[in-house]
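Shared between the two complexes below is chain A, which pairs with chain B and chain C, respectively.
On to the complex of A and B.
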């Protein structure tokens, strides 16, 4: 039976400083009782706006500008606040990405449950009910006595999920519930969610930009582009026969890193600016199959092969057939990595390896934290050794908290090891003992060792232009003055694919997209002409469709400039695409190392295998349906 | 294959974009972003207009005031007349002229003490927050001391025992007692800002601490600094009036506080000179009201959701 009906829904943002923005346009769909529906699309396509509109949680400047939402017979768009309050949480609840931060920081978890029960007049013993709910999400009862800050991100997110399920709702809207969490934690939450749904039978609207997760979890998937639904069909159908060119492009960014041949694709270009009127199909500028008609006629969402699709060419059944996940798929979907390039096959280049520029020798780092009278010590890194070589990428892989970023800090001289040596041998002078540097010498060392940061949104000062950001290393390290600075900045921008540079130099960070910002951050790191580049999760905050682009850029830079790169990540697919060598770090200890293909293709260590199994991969269930239970049993319980 | 350069601009309207959009718009109109945001808020606009009127009066005081505020050759204790709109004091001075010139004093005190205590707060707060360690512990102790010591009694004591009298003494006393609150807010702001990646990036680009604070951190704190200044200026104006009313002001300067002080000493109540008594108090409350109204807009500076009304 239909639980939620959305009919011709439109949402418009009318902010004061910007032109009105048609974030959601004429969206129609249903969700049946107990159905798990995924909503997919890249950043800014209107997913969250749609999710909030369904719950009528929009606040100005957003406004429902047309259509209606009917939930369980109640018209949500016209219901009074009282009716809504009765509906929300009891029948219709939600978990946001930020839910883990929305727990009240000053009250214990138990009190949060008590508040929820009290607000909805649920009688009975709070502790008993709350314990039961926590068990549902695999959390121990002692969590009840904790304050939110004493819990990890994953635990907080599970508390939020338990709260959302507290009143046995009929529909749960999950907006990016696991984005930002580590792969292994993400995997265990999603597994639990799938089991819970089977037990309790609630319906889910699951919003995510991560196609891999959505396809694995959902019964049916809706793909959104530019505020419209462009495809809507069963997950299985979507996986085997995606019919919209955009969906195909999204699917192209996944591959099983264990396959001998790994190929990913991406869709160049950016989504449309929804504040401007568009004629024709919104996807035209990025579509490899676009025809003249596409620029004139706006396609309707029409039934096609058991689903709905909004594409003129697909509706006439003229799209070329592709086998996704196969190597030849690339040629037909958007841009792709060159088949001969190192990116597709880093393991197979038996180059003569040049002398190491940087050696890390039996390094350990112990942190001592003092809390009142007690001191506790943490061994963040234990006895780690490795070397970095020009023209080669070494991937450092591990889950969050495994000590990856500590190693980055030791290598860049931000912190000193408790024992062991870090040596830099690339300079013209004698070997530099990085673990002993201070003051001026440390600044000089940074000329050779630079960083690309994880979050492009915080790595650039919002009040400073691109030109200023690039000028600083040029002034400090290259000693450039006057107009030479601007010329060199422009060259740097062009070397990271931001051309013509003049268009970008005077922009402020907020005027750039995430991918463009990450390019600027990379250009700044290249400015002193370093020999070593440390990239700490450089793509994890980016949209899936941009990730491949940045990876390709990094790969090219390493090969063309003979950089030695330490690529830090928890994502084994990107490690497989970029790295020559992989180091697997578990709780500060290197548990496995070797050429990328050997480590990923034939992982020997249990921990490496756990990381591999945690990667969301839509193709995996099809290929590994037999061992699905094995995957699940490998999850940690808590 | 070449790397495709995204030719299409980013979708301009992310939430963050909205926050900076005002700044951007201001760039075209050559007004600072915070001013544009303040001006948009109805209440705040009234406050700004009122404050503007006070500033104008203060600037043009010598032209507007009909007489010398200290000239005492008029009949004493006159009720309002055509020649003396607000009457005269017990010494025979023109009350209206004093009121006009008093605006000047109040605003000078507000501006100077506001600037001074903002500056002290900025330096101490930034140093504590950026350097951390023992420097922070010492400075934080100072800040907390400044916060718990009640300002008014301290002000009174300082002013009463100071060997000199004068407007600058008042300004100094007010600044010394009023910087702590701003310092604490700035310290906590810098603690959150200093962990941003762009600060680390600036260090990797070879910049020194002073430059990082001045060029990377302070520009991200402008609205906080403006807010702090407004609060400090308001406190200073009230503080000066209070001290002067208690007779601790500079007897040489004409201010609303000294007017109130002399009105009560000169028996304005007994002679029924309501205008003499009420005018300075009313002017003072109007000035304070204008600051309060401006504060409504200042909330919007830090919370973009309040900007959409």
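On to the complex of A and C.
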């Protein structure tokens, strides 16, 4: 039976000083009772706006400009606040993205449950009910007494999920529920979600940009592009026979890192600007199969091979044929999207390995925290040794809290190890003992070791131009003055693929896309001409469709400039694509190391296997549910 | 508990620094107060008789010994509440003068500050609750308009209309000539009559800052995810406004309010001057214009200590109100 009907829904943003922006355009779909529907798309495609419109949580300047949403016989778009309140949470609940802010920071978790029960006049003992709900999401009852800031991201997300299920709703809208969480934590939450759905039978609208997760979890998947649904079919159908070129492009960014040959692709270009009128198909500028008609005629969403697709070429059956089985999908998925840049893994045996530029020798770092009179110690890093070599990428993988970032701080000299040595051998002079540097010598050392940060949105000063961001290291480290700065900045931008540089120099960060910003951050790191580049999760904040692009850039820079790179990540697919060598870090200890293909293709350590099993893998959905117990025991409290 | 202990140590440290600066600053200034008095008594042109100077020094109790000995003496005197003799109100002590002025200010300014904060917070909450409605426009625009009026002009207007034209209230002073300070009904009602106009002047402008601050903070916290989720959870509007909006929005205002209360001790110079009100503000003005160093110094010290104590209390209160602060300090 149909639970949710969305009919010709449009949402328009009308900001005060900017042109109106139709974020969602003429969207129609249904969700049946108990159905798990995924909604997939890049950031800015309108998927969260659509989710908020379904919940009627849009706030100005966004408003529903057409169509309606009918939930269980009630027209949500026109219902009064009172009618809506009766529906809310009892039938229709939600979990927001990563829940960093979705719990009230000044009241305890218990009070947030109590609020919910009181609002819907549910009698009985709040503590008992809330404890029961927390058990559903594998959380201990002491969480009830905690304030949100005392919980980890994963725990907050579980609380949010428990809260969403509190009144046994018929539909839960999950908006990027695991984005920003560690893969292992993500895996355990998703596993629990799937189990709960089987037990309780609620329907789900699962909004995500993470195709792996969506395809693995959902019965049916809708793909959104430029505010429109471009494809809507069963998850299995989409996996085996994606019909929209955009869907195919997204699928191309996935691969199973364990396979002997790994290849991913990316979608060149950027999503359309929805504040301007468009003719023809919105995807045309990025589409490899576009024809003349695509530029003129706006395609309709029409039935096609058991699903719905909005593509003239697919509807007229002129797309190149692909019919892939789950087994060989990953190996060849990239091939049916002839993107300009395909990134293959370095593979093969490396060339002759040059002398190490940086050695980390039996390094440990112990933190002492004092609370009142009691002191407690944490061993963030224990007895870690590795070397970095020019022209090679060493990946450091592990969950959050495994000590990855501590190692980065030790290597850059921000912190000193409790024991062990960090030696830099790449300078012109004698070997530098990084763990003993201070003052001026430390500043001199840092020109050789530069960082690319995780979040390109906060790594650049929003009030300064790109030219300014690049000029700082050029003035401070390279000692350039006058017009030389601008010339060198332009060269740097071109070396990271932002050409012609003149277009970018005077832009402010907010005028650039996420991928472009990360390129600027990379250019800035290259400015002092470093020998070692430390990239701390450089792609985790970026859209899936452009991640491969940044990886490709980093790979090229390493090989062309003979940089030694320490690539810090929890994402084994990207490590597989970029790195020559992999170090697996678990609770501060290196548990496995070796050439990338050996470590990832044939992991020996349980922890490495846990990380590998946690990666959302649409190509092997059947084997997931069995892993749950392993995952939970390894991540108590999540 | 570590949070509160840390706050207390910080408080003691700042207090000591404030007391020491209060000792040092006048000594770093050029000029000698005794010479200033003599030259004022004798007229600018005449030469100063050393004996006269010595007499005045003894009379004023000007300290002797080196700077460090003076400092120790000063600390001892401060702890005992002895701030010396006022130059202008000789032979009254500074402590006596402050004791005379303080109740007037504490009652007038303190009470109006508290009322301003309560009224301002309530109006700000109401405006944010009814965001973009007529209520919001009236409150926001109205308070912005009143905030642009010069305070002294407003005060003079009140005097002109209600004291001079309508003769409803006395125009100046803290109490009339017919009554003398004491716990008599005549005096209290007389003092109340005198305090109405200054209080009204303070109450017109007082809540504006609280209104704007509260409204903006609350609009912001109501826009956050947890408040949107509360809407999705079907919580009643009023519950969302109070627990998910006002409860969070009031936090920064608590600190502001404590500091405002602390600075009451220094008085409000403008209002006390315009209404010729016998409080700390007027005393401060007089001490500055007549170079009454001991009095000035004592008033400054009072103000500083007031702000510090208030700040300390605000920190304690904040620790109770915002669980995040306690955690951040200990982590």
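Here is the rule we use: the second predicted complex is superposed on the first by the 595 of 638 C-alpha atoms of A that agree within 3 Å, B and C clash if a C-alpha of one lies under 4 Å from a C-alpha of the other, contacts with A are read in each partner's own complex, and residues count from 1 in each chain.
Criterion: a contact is a pair of C-beta atoms (placed from the backbone, for glycine too) under 8 Å apart; a residue touches a chain by one contact, two chains touch by 3 or more.
This one's a predicted model, so the numbers in the text were calculated from it and none came from an experiment.
Trainee: Quick check on the superposition: with chain A as the shared anchor, is it clash or fit for chain B versus chain C?
Mentor: With chain A aligned, chain B runs into chain C, so clash.
Trainee: Figure out whether A:521 sits in contact with chain B (first) or chain C (second), or with both, or with neither.
Mentor: A:521: touches chain B, not chain C.
Trainee: Quick one: classify A:513 as touching chain B (first), chain C (second), both or neither.
Mentor: first
Trainee: On chain A, which partner touches more residues: chain B or chain C?
Mentor: For chain A, the partner with the higher number of touched residues is B.
Trainee: Examine A:553 and indicate which partner it touches, taking first as chain B and second as chain C; both and neither are also allowed.
Mentor: A:553: touches chain B, not chain C.
Trainee: If you stack the two complexes on chain A, which partner ends up touching A:297: first (chain B), second (chain C), both, or neither?
Mentor: In the superposition, A:297 touches no partner, neither chain B nor chain C.
Trainee: Name the contact category of A:274: first (chain B only), second (chain C only), both, or neither.
Mentor: A:274: touches chain B, not chain C.
Trainee: Touch check for A:441: first (chain B), second (chain C), both, or neither?
Mentor: neither
Trainee: With the two structures laid over each other on chain A, which partner does A:450 touch: chain B (first), chain C (second), both, or neither?
Mentor: A:450: touches chain B, not chain C.
Trainee: Is A:484 touching the first partner chain B, the second partner chain C, both, or neither of them?
Mentor: neither
Trainee: Contacts for A:602 in the overlay, against chain B (first) and chain C (second): which applies, first, second, both or neither?
Mentor: neither
Trainee: Considering 147-155, 183-191 or 237-245, which region of chain C has C-alpha atoms that clash with chain B after the structures are aligned on chain A?
Mentor: Clashes with chain B appear only in stretch 147-155.
Trainee: Shared contact residues on chain A, chain B side and chain C side combined as an intersection?
Mentor: Common to the two interfaces on chain A: residues 59.
Trainee: Would you pull the chain A residues touching chain B in the complex into a rising list?
Mentor: My answer: residues 13, 15-18, 21, 44, 59-61, 268-275, 285, 335, 338, 412, 414, 443, 446-447, 450-451, 453-455, 457-464, 469, 472-473, 475-477, 497-499, 508, 510-513, 515-516, 521, 524-525, 527-528, 549, 552-553, 556.
Trainee: Please give the residue numbers of chain B that touch chain A in the complex, ascending.
Mentor: Residues of chain B touching chain A: 1-14, 16-18, 20-22, 24-25, 40, 196-198, 200-207, 215-216, 219-220, 305, 307-309.
Trainee: Touching chain A in the complex: which residues of chain C?
Mentor: 1-2, 223-237, 239, 243-244, 247-248, 251, 321-324, 327, 330
Trainee: Which residues of chain A touch chain C in their complex?
Mentor: Residues 55, 57, 59, 81, 84-90, 93-94, 96, 99-107, 115-116, 119-120, 147, 149-150, 160, 163, 371-372 of chain A touch chain C in their complex.
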